[in-house]
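Once you scroll down, you'll see the structures, which are given as structure tokens.
The two complexes that follow have chain A in common; it is paired with chain B in the first and with chain C in the second.
This part shows the complex of A and B:
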């Protein structure tokens, strides 16, 4: 970017804390095309001066040295396709967090202006992509969630293709006559209206449904997925813009529930079997075909059990209540007893629970089933029950409320299996081949489990979280999977009942059409929604190291046979993790690059005369750490003035060269502050923070080999609300760096 | 509005449900107007210390959401405003929005000069009245829009100190209420909830004993931006408690109060047990419950808390909480497993109170059916209900539900953009 204008604000205490005229001199020294000082730059009058400079062509980029980039962002936003803007936080980083008039504060401000200027000089305007975008939504799975998604997408004006592996739509819900009530007064069984939903979907002209069909392959990217499906009538190909995976769940394998009598007596059945009886010829005892006098329901059959499913399947309490109500409706003379650990009827289902409890012949007791014995008439042995410590209940039929297992495929595990299988044949040494064979054996169970058959380097299906559910930020952003444009819905995504699965289908359809429309506007989707900048790969210098293709959390990059990355731009979320991974530094965004940050580091002053004033670089995540630091500044908490803060897009975008550059320039320490990682990660890009920790761990080893103390580099995890902790982290790190003494490379 | 420009969607309530519905529809391509009663968005969710089960701060997701709001050219947010009328019109809804006076406008820079000179103190609504703040202030550290707010009613007669201190022309003490009418294609009602008032539970010490607090207050005590800077302290003497009791279903699942299950209180309590345990590892924590409801993967929370040293679960409903002689509190509960009444002495009692939908008490202009408990039932043309306005649910369920509500609103228009 050329013709840079520097706009200095003196408001909010900046003018009192700093010699702003000295900063203006710096701007002049740097070669600014114009430099303006304003008492309140964010005021309409202040903003107008910047706008005028853009409009009359005086400047191509504006350095706004005022408040934090997180403040007044609406005011300082100009057309991103035409105007480059860089913010320098003189208010939060200097005036509010350092002593006014202090020499160190002034040096800090001067550095921040130089750093911002250096970055702006390396900023380019984005070149919007222009791609042809397909509007069709592909829905994989025709149960309630899939049907709801299909209906929603169709009624939002999108063509829809539904691919269902079974021979009918509606999944297991289609077989039920009644459902748990979802509307007032919530106390009686509700007729199953799935036929209406099926009709609503199949009657639409722009909806195609394939049953007994499977996905052979999905290649391409959002807006341009190329889909091949196998159906009884042969193969079909189609284009889709986005995918909703709603492949549902299956009952937990009751064969593993021998301790609950399953398999020992035919009179122990699963909830699904009871539903078949309720839908078919009626409820009978398998051994004699008679109506059972007493039915005992055992809750949490497989669920909430570390041996089986550690989670609660969320649907079984409601299912049991429905079945009890259906039995009492059909056979008032039958007694029912429900053995539960905790009855889980959140919300208004509580009213249904209360109503079922009121029915004569209906009994509920908390307890654990110790064993079930007998063959014809069964004896259920209870322990720790409310009826007593050691109680026996007779039952003619025992129904196991089996939990739900998601119909997911672990894309990363399948890929590990495939890679290891290949290596077991092609690796150079016998040891390597042996090692690969062991890995292949370990992951062999994943062979043949593919559902989506994605043509992605990182595996043919969505990555899963622990317990087999596809990954997401499941509190704030529940549909965000790690494959852009592919959204999980229903009991595949999380344990849920059919009412929730229906809503989930609607939500996933919303995300699917949103992704298609964003692609049509050349915009990124969550979390940098609206970003029109795209990464550029300078492939002539690529060494095929494959780090970028491995580390992208979103599977953006495929590889050709040589291992050269193939960019699928519409899968990209613009996190910059590839940029951090690349040892050749060939990946850049127009407004964010290795070179730009390296230039910022180069622009900092490094006191040659140490005098106990070391220089520290803090690379901090703009998502959580920067807001926390701003919140500290807003409370006028002070921190050490030797620190130069560089906000970065994600800790995962940290390129090791920034550390090397810093140390070789004589900077005494580098601290990286990013989001928490692990199972409960807070990283907006899922793995960025974790990858930074791994990369930095490797750098620390290198430092030691170079006889530099590894303590000069630190990576810290921080939560968004830890505004009191972040200044303390900076202060403490400075103190430790002082104890280490000056960087021995200083002055070289 | 010109005839060629499609009508916007209108979302009422900028809690996590309303924000989510707004963003999902707007990022698809719809124009959306988001109307919020309070001066800042975030609703109830932003008042929690952490979300369960990840134990992460709500401000993290909210930060991302507010950036999405301010970046999106199709979103317009109106704070300090309520919907006073919503009638069917041309297949959509004509919505009247009444705005309270904007005493602080968007020229505000957050410099704080006004707060520094403000002579009036008010009970901080963000901290549920547990702290005092100047009448003019930033509503809370994560407030968005980033603008101060003035409780004009608290101003001493004739005081204009804040306006005089403001050098940015951001304060207009004579601002007047305004009103506008918006032709919306569809309306999403996401008006959220209020906690069941603890003073309706005097038998449990609610509103009677200082050291009997509500779960929502515990969230503020644990939060760094809370009244105690994140320290869990007894209100009566400011000391850390060594024995804490949680009373589940305080009002919920009770035909005398709320007959439904509020769906979040079990998990909120488990989360708060972790707050207490992490700050005060020696504390004895007793949780009185009817059923422990941790559906889905939230089961992990129950497993985790059950393993903590000092945590005890008692199946039974608490009948009474009274003051003990030594400043302690005495709970009487039926332990249904032991089959007898037990007495437990503690320093702090947390009532796990439930959720009451705001639609219950508000004069609702939306023409909605409501169930006996005040939750909205869909059926009115062009009106969609999202979040706890519809049923008790946690944040994870709300974000899911609200994304679906955005779809339903778009479906009314027949377009995704």
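This part shows the complex of A and C:
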């Protein structure tokens, strides 16, 4: 980018803290086409100054040296296809966090302007993509969540295709006569209205439903998914813009619950079997066909059990309450006893729970079922009962409230199986083939479990996180998965009941529609919503190392035969993890590249007189760590002025060359602050933070070989709300770097 | 190893409790708010949570052997604070009525009074009809001709008939109370090792009853405590007056009716005033906040109504004599004798029996040391 304008704001305390004139002369020294100082740059007049400079052709890029890039983002947004803008955080990183008028503060501000200028100089304008976008939403699974998603998408004006593997719509719920109440006063059984939902979906003109159907393949990318479906009437091909996977859950295999008497006596049945009885000929005791006098329900059968399902299945307590209510409605003379560890009745189900408890024949008691024995009349042995001792309870029928297992496929495991199978035949040495055979055996259970059959390098289905639930940012972005444009909903995503699943389907449909609309505008989706810059791969220099295709958290890249990456731009979330991975440094974004950040590092002043001024580079994730830093500044928390902050898209986009550049320039230490990683990760790009930790671990080993202290590099995990930790992290690191002494490469 | 108790949650027992006012017993989810807020619950053996749990299972035998049932005054501090509206106070109240019936001697009378919801007309009418029959047989049903203006009730019903009826009735009630009390004493004995003598511990318990010191710890039911205390002292005063009158008639040979300024008369009238204030407070409490008052089961209402009838007919009997209407006086007097007899006869089987069981439970609690209130 050429013809850069520098716009310095003196508002919000910047003018008082810094000699802005000096910064203006720096801009002149750097060769800025124009330099303007304004008392309130975000005011309409201030913004008009910048806009006028763009419009009259004075500048092609603006360096806005004012507040943090996270502040005033609407004011300083110009047409991204025509105007390059770089923000320098004089307010948060200088005026608010360092002593006013101090020499170090002025040097810091000067550095920040130089760094921002260097980055802007390396920024190019994006070339917007123009693709034809399909607006159809494909819903996989026709249960409650899928139907809710289909209805929502159709009502938002999108064509919908529902693919259901069973022979009817409505899933498990369709088989029930009554449901847990979902409307006031929430205390009586509610007739099942699933037929209304089915009718609402099927009556829409632009909704197509395929039952007894399966997905043969999904290829392409958001806005352009090419879908092949197998149905009893033959194959169908269609295009879809986004996918909602709502394939639901199935009951936990009660065969594994021998300790609860399942299999030993026919009078121990599962909740789903009881539902069949309630829907069919009535509740009877399997051994004699008579109405049972006392029915004992055992909650958490398989759930919250480290041996089986470590999680709460969320729906079983409500199911049991409904079944108890149905039984008392038909047979007030039957006694029911529910044995629970904790009844979990969130929201309004609590009212239903209280109403069911008031039935004369219903009892709820806490206890742990030690065993269930007997054949005709069963003896339920409770330990740790509230009565203070072990207790035996007789029952004519025992109902196990079995947990729910998601109907998911583990895309990564399936791929591992496929790759290993292939290698076991094609690998060069016998040892390699043996090894591959072992892996294939280990993952053999995943053979043929495909659901979506995605044509993705990283596997044919959504990656799962734990217990078979597809990866999802549970708290912040619930419907997100690791495949752009494919959203998980319902009990596939997390254990939930049908009321929650309805909301879930709606939420996932909103995300699907949002994704299609963003694709139509050539924009990235969350978290860099609105970004129109696309990564550029300089493939002539690609060595087919496959790091980018392996490490992309969203499966953006496929591979050709040789292993060269093939970009599917509409799957890309612009995190730059591929850029951080590439050893050849051939991947770059118009406004974010290895070269741009390296230039920022080069623009940093490194005093040779070390005793006074060490230099630290802080690579800070723009998603959580940067807001935390800004929050610290907003509270006027101060930190060490030797630190130069470079905001980056994700810790995973850190290219190792930046560390090498920093150290060879004489920078004394580099700290990287990113999101928490692991099972409860907070990384907006799922794996970026974790990958950075692995890569930096390798770098530290290299440093030691070069006789540099590995302590000069530090990677820190920080969550969004931990702004109070930031000064301690930076100050402590600076202190340790001082203790290490000057970077031996300084001055070379 | 002790054998594992085999329990059956009992639908009939639960239904019996539901009928007796524990309608919400099932709603309890054992959060123990009730035990935490109860000012009377001992720290080491808190209630009423435990009692509600036993009631949910319908384990009446265990409830009958639990002295905690009677340490509760149903002030309803728990019911007011229960997050789930399970009304623990009502549950324990229902349990008490069930235990009274279970320990009754003879059992059929317990069941008869226990079914007050349907049997109340019988329980009231039989004693009244008995008096009508007795007086008509002995020729005292009619007001004697030429009765003087300053008539006394002995002119209408000679005292000998009253003695002839009420001394045996009292003896019978005492027998029934002793039998039931002994059963109860044995049952609760398993809940702790007693030390000291029954009589030695009875005196401090009665002192406490006289001041309602335990009841004073309850916050939700302050007005009810005052009503209950007033009523108690009204009854004590009335009983003392009756004793003094026997002395007055047969030792001092006083002329009846006594003048209003006579000390015995003053004592009697003050007692009557206390009784009137007491029932007014208690009835007012019943008509107020249902949570503070507790459930009004037929069992409760029967007893309270009986007390109200005794006090009101008693008051009316005196007022009518002062007005001089002998015909109306005779009618009211017969009615009064009938309801007093009903109160006496149902004592071991009605809510009145709490006097017996609560006193015993308090003595037991003192002797076992379980009644150490929370700090």
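In the analysis below, the second predicted complex is superposed on the first by the 740 of 748 C-alpha atoms of A that agree within 3 Å, B and C clash if a C-alpha of one lies under 4 Å from a C-alpha of the other, contacts with A are read in each partner's own complex, and residues count from 1 in each chain.
What we mean here is this: a residue touches a chain if its C-beta (ideal position, glycine included) is under 8 Å from a C-beta of that chain, and two chains touch if they have at least 3 such contacts.
Because the structure is a prediction, the values reported are computed rather than measured.
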item	value
Partners on chain A (chain B, chain C) - clash or fit	clash
Dominant contact partner of chain A by residue count, chain C or chain B	B
Touching partner for A:394 - first (chain B), second (chain C), both, neither	second
Partner chain(s) touched by A:386 [first = chain B, second = chain C, both, neither]	both
First (chain B), second (chain C), both or neither touched by A:516	first
Contacts of A:335 with chain B and chain C, given as first, second, both or neither	second
First (chain B), second (chain C), both or neither touched by A:364	second
Partner chain(s) touched by A:649 [first = chain B, second = chain C, both, neither]	neither
Contacts of A:114 with chain B and chain C, given as first, second, both or neither	neither
First (chain B), second (chain C), both or neither touched by A:547	neither
Partner chain in contact with A:503 - chain B first, chain C second, else both or neither	first
Residue range of chain B overlapping chain C upon superposition on chain A, of 7-15, 43-51 or 313-321	313-321
Intersection of the chain A residues that touch chain B with those that touch chain C	343, 354, 366, 386
Touching residues (chain side chain C, partner chain A) in the complex	4-9, 11, 14-15, 18, 23-24, 26-30, 53-54, 56-57, 84-85
Residue numbers on chain A that touch chain C, as the complex places them	294, 333, 335, 337, 343, 354, 357-366, 379, 381, 386-387, 389-394
Of all residues in chain A, those that touch chain B in their complex	11-13, 39-40, 42-44, 67, 70-74, 77, 152-153, 155-158, 183-186, 304, 306, 310-314, 340, 342-351, 354, 366, 384, 386, 467, 469, 473-479, 494-496, 500, 503-511, 513-514, 516-518, 521, 525-527, 529-530, 623-624, 627, 631, 634-635, 675-676, 680, 682, 684, 719-724
Residues of chain B defined as touching chain A within the complex	23-25, 27-29, 49, 51, 53-57, 59-61, 63-65, 67-68, 70-72, 107, 109-111, 138, 141-142, 146, 167-169, 223-225, 229, 253, 259-263, 291-300, 303, 315, 336-337, 371-373, 375, 377, 391-393, 395-397, 399-401, 403-408, 410-411, 414-417
